[in-house]
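Following are the structures in question.
Each of the next two complexes has chain A plus one more chain, namely chain B in the first and chain C in the second.
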Partner chain A sequence: MNITEKILARASGKTSVSPDDVVFVNVDKVMVHDVSGPGVMAVFEKLRKTGMKIDKIWDPERVWVAEDHFVPAADKISAQNIVLLTNFTKQFGIKKHFKYGMGQYGICHTLSHEEAMVLPGEVYVGGDSHTNTTGALGAFAAGLGHTDVAYVLLNGKIWFKVPETLFFKLNGKLPDHVMAKDLILKIIGDIGTDGAAYKTMQFGGIGISEMSVESRLTLTNMTTEAGAKSGIVEPDQKLRDYFAERGVTKYDEVHGDADAQYEKIYEYEGSEMEPIVAKPFSPDNTVVARDLSSVELDKAYIGSCTGAKLEDLRAAAKILKGKTVKIRTEVLPAAMSIFRKAMEEGLLKIFMDAGAVVGPPTCGACCGAHMGVLAKDEICISTTNRNFPGRMGHVESQTYLASPLVAAASAVTGKITDPRDIK
Partner chain B sequence: MEPFKKISSIATPLDKVNVDTDQIVPKQFLKLIQRTGFGQYLFYDWRYEKGVPKKDFILNDPAYENSKILLARDNFGCGSSREHAVWALDDYGFKVIISTSFADIFYNNCFKNGILPIRVPDEILQKLFSTKRTIEIDLEDQSIKADGIQVSFDIEPHWKKILLEGLDDIAMTLQHEDAIIRYEKSHKV
Partner chain C sequence: MKGSVIKYERDNIDTDVILPGPYLKIHDYAELATHAMEGLDKDFHKRVKPGDFIVAGKNFGCGSSREHAPIALSYSGIKAVLALSFARIFYRNAVDGAFLLPIEIDENAYRDISDSDSLEVDISKNEIQNLTKNKVYKIKPFPELIGKIIEAGGLFNYKP
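Let's turn to the complex of A and B:
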């Protein structure tokens, strides 16, 4: 069995499972945020109307809550939503609620790894499609709709059909000007936005072993854009060190067997990779960045669970140091802990000296909610994950998806720019 | 939920690929806490310009006013996992969505809200797009009939039962939980 099959087998009390088996698994962790939380509450209300009594949930210790989509409160309704979410966590005794303005908080997927909320070998579900991100920690991580999350909150279990696994093997290290974001955009361009529908995308090979945990999280994050059920990377020493830095040393790792089966293996040569950009209006609409050097931009956005982790900010700062931005540029670290480290390392000063604005952690403009959305016909280069019509604002605005290096280089020139072309 | 009955209706052809849930219900409406009334926000940014219906958008064509079937292209329902998207389609009146492929979370969300998503090969979808007549969907028989077309479609038995009997997925699984646990226990070494 491969790692995903072994995790699902263990969580369902079976000795072995195969793709397409339906298994009823025990869930280790579940997450809701300020969109899915109220959605789940609406499902609870519906159930109550049918006569069901809901005064407790399965295990408040295994549930955690993030405020990320509409904080800082975008308007009166989102402010009210946070109050509702807070009442919900109080009512059900959920202690792990990361509140805006009270120490650590940030984008739910970023907190999942920054705060070690999910451990290797666990089954983790969340009320958000990018829950896949957390699979880079060697866990089975999948997003669910509100009804399914409500079900898990009541029962601690959920059905899954064991997915087939596509294995993406990276031979060799990525060059310095290429980031994990370029690799995942290249893969999505190759297999399409439904190329991994109901499948697991597993990443391995020497290039992945060489890669930091944060980079791996960028890969698993965007498996969602290829339609994947989940994304995963096997645990290794780098991951153990990552957890040890967070004071966590006890967990039960799962590894695939030597004869693990994969539906298909794709190979990529690290040294051949180039900076890639996804053009509007789909993440699979990819070309090499240099082909777009005539595209004039209105804005650069460095943010989100995909592209505002500490190493993403370091990459952007490397380009922006001593430069001045030509277009409006926003940097929103993905969590308060990252914001603090970026401050301590002097990265925020580099951004500000270059003329960029630094904002608080939030999903913000990535999902077009607030904090810098786009006007009609505006064109943005962004380190985020989606560029469907209207994703970051007006339905006739345009978003190009790119790595933090490309986004920062483009901020300097005002046009889409390969980082190698910045002197 | 209402049991799913045979549906006969003209189909609304939404000729777009990769329709993501943010287009189905834009984010500005996610903050609402109720589960009903989302139909008015369905495809909002495509449907309205400054609050006025856009003439060139298919849902605003009077010919499709009472349509219960939506035809869409590849990868319908991709993007955010928001279940509001399904709530909006249901509230608007769509009971069947036919496409070549659906995003996984969206597909599952449909069944939990009484909507039947049907996957068909591209050539069948093409034919359905070109028919202007009524399409008949029979879930019991798993068939689509329209204008000289007659094809069957696949559906997992679990989902078929839930829709035909109008069962709530949560209620149904709870009802069977004991049996499931017994089964799980008996299969443990």
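Let's turn to the complex of A and C:
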């Protein structure tokens, strides 16, 4: 069995499972945020109307809560949702609630790794499609809707069809001007937005071993954009070091067997990779960045769970140091812990000296909800993960998806720019 | 189930157009329905009638996990979406929440069914009758567990 099959077999109490088996698995961790939390509460209300009594949940210790989509509160309704979420965690005794304005908080997927909320070998589900991100920690991590999360909160388990696994093998290191974001955009461009539908995307090979945990998280984050159920990387020493830095040394790693089966293996040569951009209106609409050098921009956005981790900010700062932005540029670290480190390393000063706005962690602009949405006909280059019509604002705005290096280089020139072309 | 067709001849109809991001803060199902399909078809809520079917291409419901998407369609009156394929979270939200039926159709049916056609969908026989064109299309049976959850009326009513 491969790692995903072994995790699902263990969690369902079976000695082995195969793709297409349907299993009820015991869940180790569950996450809800300020959109899915109130959604789950609405499901609870619906169930109560049918006569079900809901006064406790399965295991409050295994549940954690993030405030990320509509913080700072965008309006009266979203402010009320935060109040609802707070009442919910109090009512059910959930202690791990990362609250906006009270120390560490941030985008749920970023907290999952920054705070080591999920450990290798675990089954983790969250009320958000980018829950896949956390699979880079060697866990099975998949997104679910409100009804399914409500079911997990009450029963501690959920059904999954055991997925086929596509294995993406990276031979050799990526060049300095290429980031994990470029690789995952290249892969999605190759296989399409439903190229991994219902499947797992596993990443391995020497290039992945050489890659930081944060970079691996960028890969698994965007497996969602290829339709994947989950993305995963096998645990290694880099991952153990990452957890050790966070004070966590005890967990039960799972590794694939030597004869693990994969539906298909794709190989990529690290040295051949180039900066890639996804054009509107789909993450698979990819071309090399240099082909778009005539595209004039209105905004550069460096934010989100995909593109505002510490190394993403370091990459952007490397380009922006001593430069001045030519277009509206926003930098929003993905969690307060990253914001703090970026401040201590002097990155925020570099951004501000360049003329960019530095803002608090939020999903707001990435999903076009608030905190800097696009006007009609505006064109944005963004380190986020989706560029569907209307994703970041007006339905006739346009978003180009790119790495933090490309986004920062483009902020400097006002046009889509390969980082190699910045003097 | 009898109803008429609202056809979108395109693939990858994502949850951002089915129910745009700014409305994610809303959890009143009837209010969500007034914004259904707003990112693609501003007139959808004026046009849709109880019992209607949406017909679409590949990978319907891709993108975010928002259950708002099947909820908004369901509370608009949509009983089933007939598509070439579905994105996984939309599919399980539709079934587990008992909001609507995600029915996979083949290329032939997809090409043949026109906007405003009148259909009768019978999942016990795995077939769709096109009452306008006087034709019958076979549909792919639901996998065993999915069929049982649908029959039970959603995941919470299903006893494993």
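Assorted remarks:
The rule is simple: the second predicted complex is superposed on the first by the 423 of 423 C-alpha atoms of A that agree within 3 Å, B and C clash if a C-alpha of one lies under 4 Å from a C-alpha of the other, contacts with A are read in each partner's own complex, and residues count from 1 in each chain.
Convention: contacts are C-beta pairs under 8 Å (C-beta built on N, C-alpha and C of every residue); 3 or more make two chains touch, one makes a residue touch a chain.
Please read these numbers as outputs of a predicted model, since none were measured by experiment.
With the C-alpha superposition on chain A as described, chain C and chain B clash in the combined arrangement. When the two complexes are overlaid on their common chain A, residue A:Val35 makes contact with chain B and with chain C alike. Shared-chain residue A:Glu61: touches no atom of chain B or chain C. Once chain A of one complex is fitted onto chain A of the other, the partner contacts of A:Asp241 are absent, as it touches neither chain B nor chain C.
Contacts of A:Gly368 after superposition: both chain B and chain C are touched. In the superposed model, A:Ser12 makes contact with chain B only, not with chain C.
Residues 24, 35-36, 38-39, 41-43, 47, 52, 69-70, 75, 77-78, 81, 127-129, 131, 143-148, 150-151, 159, 193-194, 197-198, 227, 229, 282, 367-369, 386, 388-391, 395 of chain A contact both chain B in one complex and chain C in the other. Chain B makes touch with chain A in their complex at residues 17-18, 20, 22-23, 26-27, 30-35, 45-46, 74-75, 78-84, 86, 101, 103-106, 108-109, 112-113, 168-171, 173-174, 177, 180, 184, 187-189. Remark: chain A residues 12-15, 24, 35-36, 38-39, 41-43, 45-47, 50, 52, 69-70, 75, 77-78, 80-81, 84, 127-129, 131, 143-148, 150-151, 154-155, 159, 193-194, 197-198, 227, 229, 281-282, 367-369, 386, 388-391, 395 touch chain B in the complex.
Those residues of chain A lying in contact with chain C across their complex are 22, 24, 35-36, 38-39, 41-43, 47, 52, 69-70, 74-75, 77-78, 81, 127-129, 131, 143-148, 150-151, 159, 161, 193-194, 197-198, 227, 229, 282, 367-370, 386, 388-391, 395.
The part of chain C that touches chain A in the complex is made up of residues 12, 14, 16-17, 20-22, 24-27, 29, 39-40, 58-59, 62-68, 70, 85, 87-89, 92-93, 96-97, 143-145, 154-156, 160.
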